[in-house]
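The data blocks that follow each hold one structure.
One chain, subunit A, appears in both complexes that follow, with subunit B as partner in the first and subunit C in the second.
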Partner chain A sequence: MFTFLLTDIFFYIIIISLIMYVAYVRKTPDILANWLYVFRSRTGILSIVVLSFFIITAFLDSIHIKNKIYNNNTKQYVYTSEIKSFLDIILSPMHENYEKSYSAPFSSHLYSKETVNFNNIDKREYPRLLYKGNHNKYSNNKIENIAVISLFSIIKSFFICFLIYMIIFYRTIFKKNNNFLNAFNNNNVLCTSFFIIFFIIILLYDLSTQYYVLGTDKVGVDVLYKSIKSIRTGILIGTLTTIVMLPFAIFLGIFAGYIGGFVDDIIQYIYTTLNSIPSVLLIASAILMLQVYMANNPHEFENIYERADLRLFFLCMILGLTSWTGLCRLLRGESMKLKEVEYVQASQTFGLNKFSIIVRHIIPNIMHIVIITVVLDFSALVLAEAVLSYVNIGVDPTTYSWGNMINAARLEMSREPIVWWSIFSAFLFMFILVLFANLFSDVVRDAFDPRANKKYE
Partner chain B sequence: MTQEQIKNMNDLLSIKNLFLSIDSENQEEILKDVSFDIKESEIVSLIGESGSGKSLTALSIIRLLEKSCKIKKGKIYFLNKDILSIEEKEMREIRKNDISMIFQEPMRSLNPVMNIYDQLKEAYIDIKISNIKQEIINNLISVGIEDAKRVINLYPHQLSGGMKQRVMIAMAIACKPKLLIADEPTTSLDVTIQKQVLDLLLELKDKLNMAILFITHDLAVASQISDRIVVMQNGEVVENSHAKKFFTNPENSYSKTLLNSSLYLRKTTNIENQDDKNILCIKNLKVYFPERDNLFGRNKSYVKAVDDISILIKSGTTHAIVGESGSGKTTIAKAIMGLVSPTSGNIEILNKDIISMGKSDKRDFRKYYQMIFQDPFSSLNPRMRIGAIIKEGLCFLKPELSNSITNEILRDVLDKVGLKHNSLNKYPHQFSGGQRQRIAIARVLVLEPKLLICDEPTSSLDVTVQKQVLDLLIDIQNKTKISYLFISHDIKLISSISETMSVMYKGKIVESGKTSDIINHTQNEYTRKLLKSVPQIA
Partner chain C sequence: MIKYIFKRFLYAIPILIGVNLLTFTLFFVVNSPDEVARLHLGNKRVTPEQIQSWNEERGYNNPLFYNQSEKGIKSFTKTIFYQKSFKLFIFEFGISDSGRDIKYDIKQRMWPSLAIALPSLLVGLLLNITFALFFVFFRSTYIDYVGVIFCVGLMSISSLFYIIGGQYLISKLLHLVPISGYAHGFEAIKFLVLPVIISVIYGIGSGTRWYRSLFLEEIEKDYVKTARSKGLSEFSVLFNHVFKNALIPILTGVVVILPLLFLGSLIVESFFGIPGLGSYTIDAIQSQDFAIVRAMVFLGTILYIFGLILTDISYTLVDPRVRLK
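This part shows the complex of A and B:
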């Protein structure tokens, strides 16, 4: 049976509004032309492909189901309290069994020595891993085995890409003048990036059936699995917080700057007051309040997942409420500047009202600031999550997140020899997400700026 | 020594076949085969419109080009030394001792957080003088700053534009250079100050025996001071001749166009469409701005931007307001358009008081009076297509029009201002300054106004383009009996296009009347000074 967590619903809303926007764009030739520029540029198409894989992962991780089991005592089917997402089901070979403790990437033994009883003699040695790392399917040599697996995944991904390409090709033959697909079709980068990403995914999947590609953590969970599960948390914190923050920043900023006077004073007082409270304290108090509420009202929460989810949602809200001031101040200044620009004055002489001027002249001319800030904030929010987890006011410790992984890595880094793969994989995934979000926003900003010297790369 | 080098002996600077291009995809050549010489203590004017490569030539001489500019070919000899091939260290010595430069914008050329003394001291970095302070004071006195002792302790914002330019000149001549490069040094200054600066440069040239490379777009200014004229067009030198010969009998056809555009004369001086209807009548208009709020939000003092002025414009005529920057010309325009609210006074358009008019009445009435702004680069929203820009006023002031009629009007107005129909789907940045000003004119013309306020509509344009825009405005007036309120700082230009005029000084009108009367026999001291300062082509 499907269950819906609070953040799931918001995630669906984001996806649905994205789809509605695409439908709207396809009807508006002006905006479509700008987006086609994004699709034609190499960086644009590459970052779209990478980001969409991240979003698909997060989406799969947002469809939650409960399993039905047969209860022998009551003689009827009941739902388990455990909630699984589609992603869990797909990744089940990665997390059905747990090792005992740390093991390095591709290792066949644990990372630390243990006393093992062997023929009644106690020996200190590195115990073998229980589930993976020792069943070399194709060859006894580990490197040869990995090479064979890679070869297979190249063939598989090539086959999948060929199929996709055939589908696109087939559609363009029969549906002429389909700009959207023509843009794809002209672009070898699309096929190449699809190929590379499919290759990486299939390779990781195949390797994971036999190895821990990024090692295991303290309680023996596959680190790769943890990192993939963290994608949803990262994207949710990035997008949900931004969505909470943007209306405040844009509308209050423009009103303060454009209308000025009394309105400006009030808005300035609000954001200086908000800014003067250290945001960590504000977040801490909000999260503590929530914890107290959850402790007093345990009956409202069916299971641990709902509690963790509510905390994530609450974190996004409070982060959004504390982080709009910076952008708001920027937009206030910019609107004050734009107010005096002659094209705004020219439309005042036409008798346009304030609202029309804001919509027609101010907002289009501040959008580049919004895009840049939102992307920078997106990265900052993913990082802020890590900082907040460090002081225990971030997401729930049971939630998979890069912040929690980095937090745990504190102790791992102080071991001798150090356990590096946990922080490494959190860093790797965050880096990829933030990098491509930045590249994407660069291309989008260029596409929507008529002054930019547009050339098709 | 080759033949060529011997020939160069008496030249201070000689540029030989300079080619320069900017690093971009198409490797566009900005300078093509530029060569000219400057002799000792000679003033050479480099004339050309924007984009002709004047400034890049100057920057190549002093070797301060941006990295993307590459000199492809050519030599620049300064005192028989090829300065394009010497080390940067040696070049720095030359900049320190022999070549100085002053820039167009004195506001931005001085560091706002340093006082004048500290800034000037930088120019004396290598000069060993025991009493630097005295030397600086003497230097400032020599550029015409009498109370130099007080001025050296001031900061740039406390000085006027002309004073700042004098300080810049003082810095430039501190090292007693052999060559001074002046890049449009008077363009941003008022005419009276412009004259002072030009006189100063002439005086300094004789005193210090230095050569000046004077870059300007203004032929009249060039004719005032130069010995020789070099005309550039699209990166090429099209004429290089003595000043006298150039202004009497230019060889090149482009030079002739330039000269004709500068000697602007109205084509039809007498228009019959003049009748006795009042279009605009301003009575005792005052616009005061509060200077500074005190602690309790009350203000005590005011800046009197416009102080008790009255103007009357008859239908079908052009009234000009002339004055220096800060005299309140633009404030009048803004008060009429409702962009600033007047402190007191009446503004009547077509005999209706627009200050007391209700909001909805005013909205209907707005189509009768419109405004063109000074800078066509900032008066068009860069993110809107031309079609949307022109349509904006129509949509809001004449919402009853159907789509097809609107499109008809748009095409019509583009024909009127001489733009192509396919411009509608383009963005402003795809047009040149003159074309943009045409778009701005089209935007207000679609409303068929009776009064058009032109706030320095040509001052940011090149002379040839200026002429085209003015011709267009006059053409429209002849066809539609529109009235203009023409605001300008250029008394020469005003004299050729307006029937009546007012001279403004510090918020007040000092003289008002028929243009021909004022130009030919003015009674007022200030107007006389203004007229005298206007550079005339000799």
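This part shows the complex of A and C:
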């Protein structure tokens, strides 16, 4: 049975609005031209491919189902309270079994010595891992085995990429008098990035059926699995926050700028007041109050999933409410400028009402600012989540998130010898997501900002 | 000029009232003081008497806005709003929930914060501007291209990574400076070196890119073309014309955060165990000491508004075109 958490629904809304936006762009030539600039740039297409894989992962992780189990006592099928996502099902070889404790990447033994009884003699040694790392499929030598797996995954990803290539470019390929690889030559960045990403995904998947690629954590959970599960939290924080703040920022900004007068004064007062509070402190106070509320009203949440989910949602709300002020100010200034432009003045003289002018003329002409801000904010928000979770005012401790992984690694870094892989993989995943988001935002800004120095980029 | 500054200070008052009301709503209306007390006392079986005494010790037992049991002016002053929120205006921060004098703590702790924040700001500014000028000088070449990519890479790394990595590398492996702690006087330097370096490195990526774009915007303007057509060297154009004119946006960006330096950096201070206002806030958040958080929100707002006023004043000093009315 499908279950929908609150953030799931909002994530679907984001995806649907993204699709609607794509449809809108295809009909509007001047916006399409800007996006084509993004697609033509090498960094642009590369970051779009990488980010879309992150978003697909987050989307798979947002489709939740409850398992049906047969209850022998009541002779009925009941739903478990445990919620699984599609991603969990795909990644089931990674998390169906847990080891006892820490183990290093690709290791076949635990990371700490234990007393093992062997032929009635107690010995201190590193115990072997129970489920992975000892069943080398192709060769007894570990390095050879890994090499064989990598070779297989190269072949597999070649095959998949070839299929995708045929599907995407079938029109260009089967045109008359056309070189078969013509489409590839024109889109080599796209094809290469597809190949590399598929290779990495397949390689990690194949390796993790036999090894813990990024080791295991304190309770023996695969660190790679935790990092992948954290993608959803990161993406949600980055996107949901902006979705929450957009309506406020757009409508208040336009009202303040276009209508002016008394309305302008009030809106300006509101955002100056909110803006004057250092944002960390405002977020901290709001989250602290939420914590008090949740601690005092535990009966309002059905289970831990809903509780954690609601906290994630409120975190997005709070982050959104503190960050809409900057966009609102920009939009106010822009719509004040637009008010004086000839075509707006002309439609006023023709007797168009204010609402239609806003919808027809103002909103399309401020959208570039909105897009630039949304894309720019994304990476900052992903980084902020880690810091907030580190201070314990971020997501719920039971939610998978990079911030929580780093927070847990505090103790791991001080033990001897140190456990480095957990914190390393959290930083690595975060770095990849944020890096490509930053590159993407650069290209988008170049494409949409009329003031951008395209000459020097 | 003085009239203008006076006016600006008057404008700040409604904003401060707004912030005050907002924090009051957040801390006392969303959750009643009883609920906060229950959280602090911890367990489920808290008796009403315990809550009552906890509130009485900290002065949360009064009504929110209007005290009916008192007469005259006292019916307004013996309320939570007056005692806990209104008194912030006269810098009476009161007693923290754990019983310490907040004002005394803030006075003690703002200097270590400043000791980290000021050097980081100055060194960072110097480095960022140098790098930015360097990249602008070599604009449209591979040096610039690689430099910008490098900056994006630096920007994409979490601040926690710099701190944890730096602490591990410099303090734990190389044993150059102590991992954390603080001492007063000149002894403090060895504790301050690493946090300052890390803050500077963390800021390099975004800072360099920001200043680079400022310089590039300036380099397009007509007076730069004039200077070049007069036969000045590229170096002299960059330093004598572009740099001077780009100083105005740089200055406004710096002045606005000057007062906020007292608040310190939350994460850096808590990692390095520096007894500044940043770690004070973190400790307060983690021990859920709302009195301190409230005081810090108000203090932060005052400092921010003060920074804005300073920015306006500094504008007139550096840019003769700006006249204050």
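In this text, the second predicted complex is superposed on the first by the 322 of 457 C-alpha atoms of A that agree within 3 Å, B and C clash if a C-alpha of one lies under 4 Å from a C-alpha of the other, contacts with A are read in each partner's own complex, and residues count from 1 in each chain.
Methods note: a residue touches a chain if its C-beta (ideal position, glycine included) is under 8 Å from a C-beta of that chain, and two chains touch if they have at least 3 such contacts.
Note that the structure is predicted; figures quoted are calculated from it, not measured.
> For A:427 in the superposed arrangement: first (subunit B), second (subunit C), both or neither?
In the superposed model, A:427 contacts subunit C only, not subunit B.
> Of the two partner chains, subunit B (first) and subunit C (second), which one does A:349 touch, if any: first, second, both, or neither?
In the superposed model, A:349 contacts subunit B only, not subunit C.
> Residues of subunit A touched by subunit B versus by subunit C: which partner has the larger set?
C
> Scan A:277 for contacts with subunit B and subunit C and give back first, second, both or neither.
second
> Applying the touch criterion given at the start, work out whether A:13 contacts subunit B, subunit C, both or neither, answering first, second, both or neither.
neither
> Who does A:390 touch here: subunit B (first), subunit C (second), both, or neither?
In the superposition, A:390 touches subunit C alone.
> Based on the superposed arrangement, let me know which partner A:361 touches: subunit B (first), subunit C (second), both, or neither?
first
> Given the touch rule stated above, what does A:450 touch, subunit B (first), subunit C (second), both, or neither?
Only subunit B; A:450 stays clear of subunit C.
> Where does A:167 make contact in the superposed view: on subunit B (first), on subunit C (second), on both, or on neither?
neither
> Answer with first, second, both or neither: which of subunit B and subunit C does A:56 touch in the superposed model?
A:56: touches no partner chain.
> Which parts of subunit A are in contact with subunit B and also with subunit C?
Residues common to the subunit A contacts of subunit C and of subunit B are 451, 455, listed in rising order.
> Could you list, by residue number, the parts of subunit A that touch subunit B in their complex?
Touch list, subunit A to subunit B: 341-343, 345-352, 356, 360-361, 364-365, 449-451, 455.
> Which residues of subunit A touch subunit C in the complex?
Where subunit A meets subunit C, its residues are 269-270, 272-274, 276-278, 280-282, 284-286, 288-289, 291-293, 295-296, 379, 383, 386-387, 390-393, 406, 409, 413, 418, 423, 427, 430-431, 434-435, 438-439, 442, 451, 453, 455-456.
> What residues on subunit C touch subunit A, complex-wise?
For subunit C paired with subunit A, touching residues are 14-15, 18-19, 22-23, 26-27, 30-31, 35-36, 38-39, 139-140, 144, 152-153, 155-161, 164, 168, 213, 216-217, 220, 260, 263, 266-267, 270, 281-282, 285-286, 288, 290, 293-294, 296-297, 300-301, 304-305.
> Where on subunit B does subunit A make contact in their complex?
25, 334, 337-339, 362-363, 366, 370-371, 373-375, 378-384, 392-393, 396-397, 427, 429, 440, 443
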